[in-house]
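All chains are identified by letter, namely A, B, C and D, in their written order; residue positions are counted from 1 within each chain.
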Amino acid sequence: MSELRSILVEQVERLVADAGGVAPLREVEAGHFPQSLWDGLSEQGLALALVPEEAGGVGLSWGDAAALWQVLGKHGAPVPMAETMLGAALLSAAGVEVPDGVLALGEKAAPFGRHATNAVKLDGARLTLHPVEGATPGANIGREPRDDLTLGQRSAAGILPNSHGPRALRQGLALIRAAQIAGALERILALAVDWANTRRQFGRPIGKFQAVQQQLAAMAGEVAAVQVAVSNAARAVDARGLAEAGFEIGCAKVVAGEAATFGAATAHQVFAAIGITEDHELHHFTRRLWAWREEGGTDRAWAAEIGKLALARGGANLWPDLTARDA
Amino acid sequence: MSELRSILVEQVERLVADAGGVAPLREVEAGHFPQSLWDGLSEQGLALALVPEEAGGVGLSWGDAAALWQVLGKHGAPVPMAETMLGAALLSAAGVEVPDGVLALGEKAAPFGRHATNAVKLDGARLTLHPVEGATPGANIGREPRDDLTLGQRSAAGILPNSHGPRALRQGLALIRAAQIAGALERILALAVDWANTRRQFGRPIGKFQAVQQQLAAMAGEVAAVQVAVSNAARAVDARGLAEAGFEIGCAKVVAGEAATFGAATAHQVFAAIGITEDHELHHFTRRLWAWREEGGTDRAWAAEIGKLALARGGANLWPDLTARDA
Amino acid sequence: MRFDLPDTPPGAEALRAELRAFLAEAGRAWTPDIRARSWMGFDRDFSREVGARSWIGMTWPAAYGGHERSGLERVVVLEEMLAAGAPVGAHWIGDRQSGPLILRLGTEEQRRRILPGIARGELAFCIGLSEPDAGSDLANLRTKAERVPGGWKLNGRKIWTTFAHKSDYMIALVRTSPAPEGGSRHAGLSQFLVDLKLSGISIRPIRDLAGADSFNEVTFDDVMLGEDDLVGAEGAGWAQATSELAFERSGPDRYLSSFPALSQGLDALAANPVPGAEVSVGRMVARLSALRGMSLSVGGMLERGEDPAVEAALVKDVGNVFEQVLPEHLRGLLDPEDSPAELRALLAALTQLTPTFSLRGGTREILRGIIARDLGLR
Amino acid sequence: MRFDLPDTPPGAEALRAELRAFLAEAGRAWTPDIRARSWMGFDRDFSREVGARSWIGMTWPAAYGGHERSGLERVVVLEEMLAAGAPVGAHWIGDRQSGPLILRLGTEEQRRRILPGIARGELAFCIGLSEPDAGSDLANLRTKAERVPGGWKLNGRKIWTTFAHKSDYMIALVRTSPAPEGGSRHAGLSQFLVDLKLSGISIRPIRDLAGADSFNEVTFDDVMLGEDDLVGAEGAGWAQATSELAFERSGPDRYLSSFPALSQGLDALAANPVPGAEVSVGRMVARLSALRGMSLSVGGMLERGEDPAVEAALVKDVGNVFEQVLPEHLRGLLDPEDSPAELRALLAALTQLTPTFSLRGGTREILRGIIARDLGLR
């Protein structure tokens, strides 16, 4: 990890931890916006992190951004900072000035849409910015706001460069969710290990039982696979742009979706009854894992896309294609 | 289990055991036919077991026959007795006199075809009997003969009653293979349990390790599922005839195929290195499991058929259909 | 292990038809969340209606409010209720566990006092097993009942008690004497019939991750029980509770919990065909059919008075895996964006419930340990 | 645990192109069975050709016949060989394990004696670890080497030794002194370089279930070894062998064993489309991509001189599962009756080989135990 990245990760870790652990998660699930967490992150200039320095941003790489999203996921951070970063990056790339505040992505089931002042829409290469005029509240299984929005007339518009492609929004969101999944999985693995070392049954910690050890070890393998897949996808975006990184992003979302399913099931199996209580923090992460695997394209949808591509290219090209994409 | 069935099962068990355990399996895999085993089983009149008493047979139920096939599978018995039983049952049902000796089913990849004197073919409801004039030897992954045959002019013909249906051969074979799988799984489970109690690692029998216990327990569940599915299918044939038992037979073959895959993998995992040596008996059963799941329709093919039916009937009919089929 | 399919009981067809007509009518009011919860849903009105139709305590003697029908007829009722996703929680435990326990081991007075009310669908039961320091390891129970003049004094704490806050009685497994030094850790436990209205009992609901309040923590503070509240023999509680668990493990509630989603999933797939979906569907249906056969076989053994402890553990193990993966399989076929809202809601509810499937009635690891011992692993 | 993707080494493209041209030519002669066996296939001619092209001992100093290229360039060679299903078994162990061991811990004499031959593809190695009473539990080894004037006298028996009957040398882990009372059971083990032509060695091939003879039992009967046959420090054998295993576990041989079937499966599916197959294919390709990233990350750590023992265990664990289920996934898509004969043969060969994938280099249970310890489970 580069030094810059380590510093950023540490900063965000601290901000999120200072916000009170799972307190903001409970807050947002009860219908309130954790404004101070948002403000804290905003003050670091995070919203403009993916905007180039020459355009007034921080100029982070996607690799750095993915590392930050992983930290946000690790804490379940219930603010649309990752989404806003993506929206700002696209606006800036299309030459549109980035407004302050929360950016909503799209108008259907928009993450934290009710808290957004503006929304970003993409039609082909044409990116438009709209004021948010109303929101019909909705929620995903993680009880994060997912709202259908009423948008006003576009307030600005621009054309995304070819390097971004017509699916830049979906692909960006897929990478965000995959990175958040990586972080949340890391978290529940750590929680499960702690619990296994603490909880005693039959006269010893349950972590001494081979069945528990084997399950958590298998889970660790999945966590590692997601982390690598996310790094690989972010690196591909840095090397070739969003438009040409669909394969790597799709791979990351597939592996993340599978690992989210397996990891949540495994953690709950280890935690048994205590893990399904509202008082315990586990479910804040498992419910988000179940929700995030559906967003930005399910693992099924992305697998179909990657699979179609592989079938069309044929067996002889599979390995050459895979290695040719080394960033 | 009825008393008749217990006696028959015991008789066949004894005959197969007397034939020398895995010796006949080694024999057939080396290219020889275990004639004495075949003769022993034939002398019990087994070939005509499914032929009604009034037609000179034994008049067993399909439930009884399935129990016998399970025993044959448990010993891997490398003689085409189950196939001959099926051929004879169909010939008799079509009013054709049953010839002596091994019956081949069909002409492509016919089980033990090289050892057959006659072959049975089914075209719609029309069943024909042909002398076998030549065989191009082949084998399945279990190294059992699966031969392409040259057949002579039909020597007899008849019409199968509607209760049997145009797929009587395939369905009968599917049920046979599912039953054999049930038996072979029972066998490798027993072998694995014995080994786990015998083999010591880290100062104790490996069966003391929770990981081994959990794997074998999961395998036992699969074995039970196959046994029940096979009983259910045989009962359906007894109650409604082959033609109307396609659903239950298909279910049995699907569950058997899945369990064969899981069971063989689990047994090999428990046996580790010793289990993959030619000298050990395990592979005679695992190779047959891998072969039998492909024959009489793969689990995939049967699942597709059952699934299509369920989709066509719709959700509201799923449960009523399932319960309406109680034999 | 040994599974033999029982014959269908006479009259099963007619009984099913009655049930289906009743459930079709009652089901109009059920939301996806109710269907997903099924026997984790508590609806006293519904249970009273079921009782009025003679579908609770079906096998019990008429003298205690039962209907003297066969165990296999009872299975027909259970199957139909669960396949419809009916909210049977208010009578389920009484019908399945507590009633049979009292019938088998209770005093005549207990039978007359309790069973008719269960059969009418009026008395709801919960089971007090787990404690904060004893989840899977029940020998570690600390709640204790001390002999006092005229009865017993109960002190301690139970946790994860499903529906305690809505129930009338709890069957509690507690310690009545210390485990003997060097003897079985399971000795000295007894079962009690605890009226939850007694003073000294406080019940704190524990909300679950989906926001429902089915679990509770129940505290006993000098609760006075009568002599006639001991169920069965003093000190034999462990064996009694264990055989109850075996009974619990084989029911259709061990493989049908996710069934409503499969049924609705078929319709969604028929409306919006997904290429190749038939293979996954066929695999689920085949397994469902096999599991139903396994469960019925155990039902037949119970009917014949046999002791299918291991067979029941196998049903629960295979069945729980099926219940847990079924929503995932459907999710693997149906993209949420293209699914009907009701199915989406049902799957969301099930996703949050499935972790409990392999807990209730013994965790997967415990069950597999039981099976392994029976296989002869030592 | 920590995975960082390394940068692609300069010249990787050109190197891949060279390798592909070479493998396309050589591959014309390979049957499905050869491709399925890949690094379990032994072909001295092929290994000599690979050596002649400077693709063995790539990172070693030129003084010992090496080519002084980077570890990541070496990974390019390994990947290409395995993706093509090349029969690399005659040089694989020497290049991967025995050569690096001798380079790191061997004497100058040993290096000069052995390494150039390995790099030329002429010296084949096998690893003597398992014994009849010590499979996963290597501390239980009984084969022993006793000090005698001028060297060591070796007695005992090794089993499951891959290619012993075709190899020139074995690196054997044996006991040189008893495990100290109350001390580590792993103390007192040492590694030796054993010339398999020495008298007193008898090698009995063990046929495997597919009829191949890759395994052996090797018996040592008063075999005389010289002073200079001890590798590394006396008594440090356990630690030496363990770090060797870590090295072994992360290579592309831990996830690519079934790759040729995937590649051919794609063509079969393109020729005979199966509805919905793209989803399964996509899942396999995504996992392949992630595994490749994991393996490359470990390659990068090794290149930087780090000790990725746990990361390597994770690669092997996830990779072995992938290798084992891949043929099953393909089987779930392609009905055998409709598949091309060559793919059918490849899948049949793989089906019989897959059980070995989770044995070689440590069983799944052992690996997961290592990972669990690293996670902090205690």
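As a convention for this text, contacts are C-beta pairs under 8 Å (C-beta built on N, C-alpha and C of every residue); 3 or more make two chains touch, one makes a residue touch a chain.
Quick caveat, the model's predicted, so the values are computed rather than measured.
Taken together, chain A and chain D share the touching chains B, C. The interface with the greater number of C-beta contacts, when B-D is set against A-B, is B-D. Averaged C-alpha coordinates give centres for chain A and chain C that are 39 Å from one another. Our note on geometry: chain A versus chain B, Cα centroid distance of 51 Å, whole angstroms. With touch defined as above, residues shared between interfaces to two or more other chains in chain A number as follows: 209-212, 214, 300.
Chain contacts: chain C has residues 277, 279, 332, 365, 368 touching two or more partner chains. Those residues of chain D whose C-beta lies close enough to touch chain A in the complex are 1, 3-5, 8, 12, 16, 20, 79, 83, 259, 262-267, 269-270, 273, 277-283, 285-294, 297, 311, 314, 317-318, 321, 365, 367-369, 371-372, 375-378.
Those residues of chain A whose C-beta lies close enough to touch chain D in the complex are 1, 189, 193, 196-197, 205, 207-208, 210, 212-214, 216-218, 220-222, 224-229, 231-232, 235, 247-248, 250-252, 254-255, 258, 299-300, 302-308, 310-312, 314-316, 318-320, 322-323, 326-327.
Of all the residues in chain A, the ones that touch chain B in their complex are 209-211, 214. Those residues of chain C that touch chain A in the complex are listed here as 130, 133, 135-137, 140, 159-160, 206-209, 211, 215, 324, 328, 331-333, 335-336, 348, 351-352, 354-356, 358-359, 363-365, 368. Within the complex formed with chain D, the chain B residues making contact are 141, 200-203, 209, 211-212, 261, 264-265, 268-269, 272-273, 275-279, 282-283, 286-287, 290, 294, 298, 300-301.
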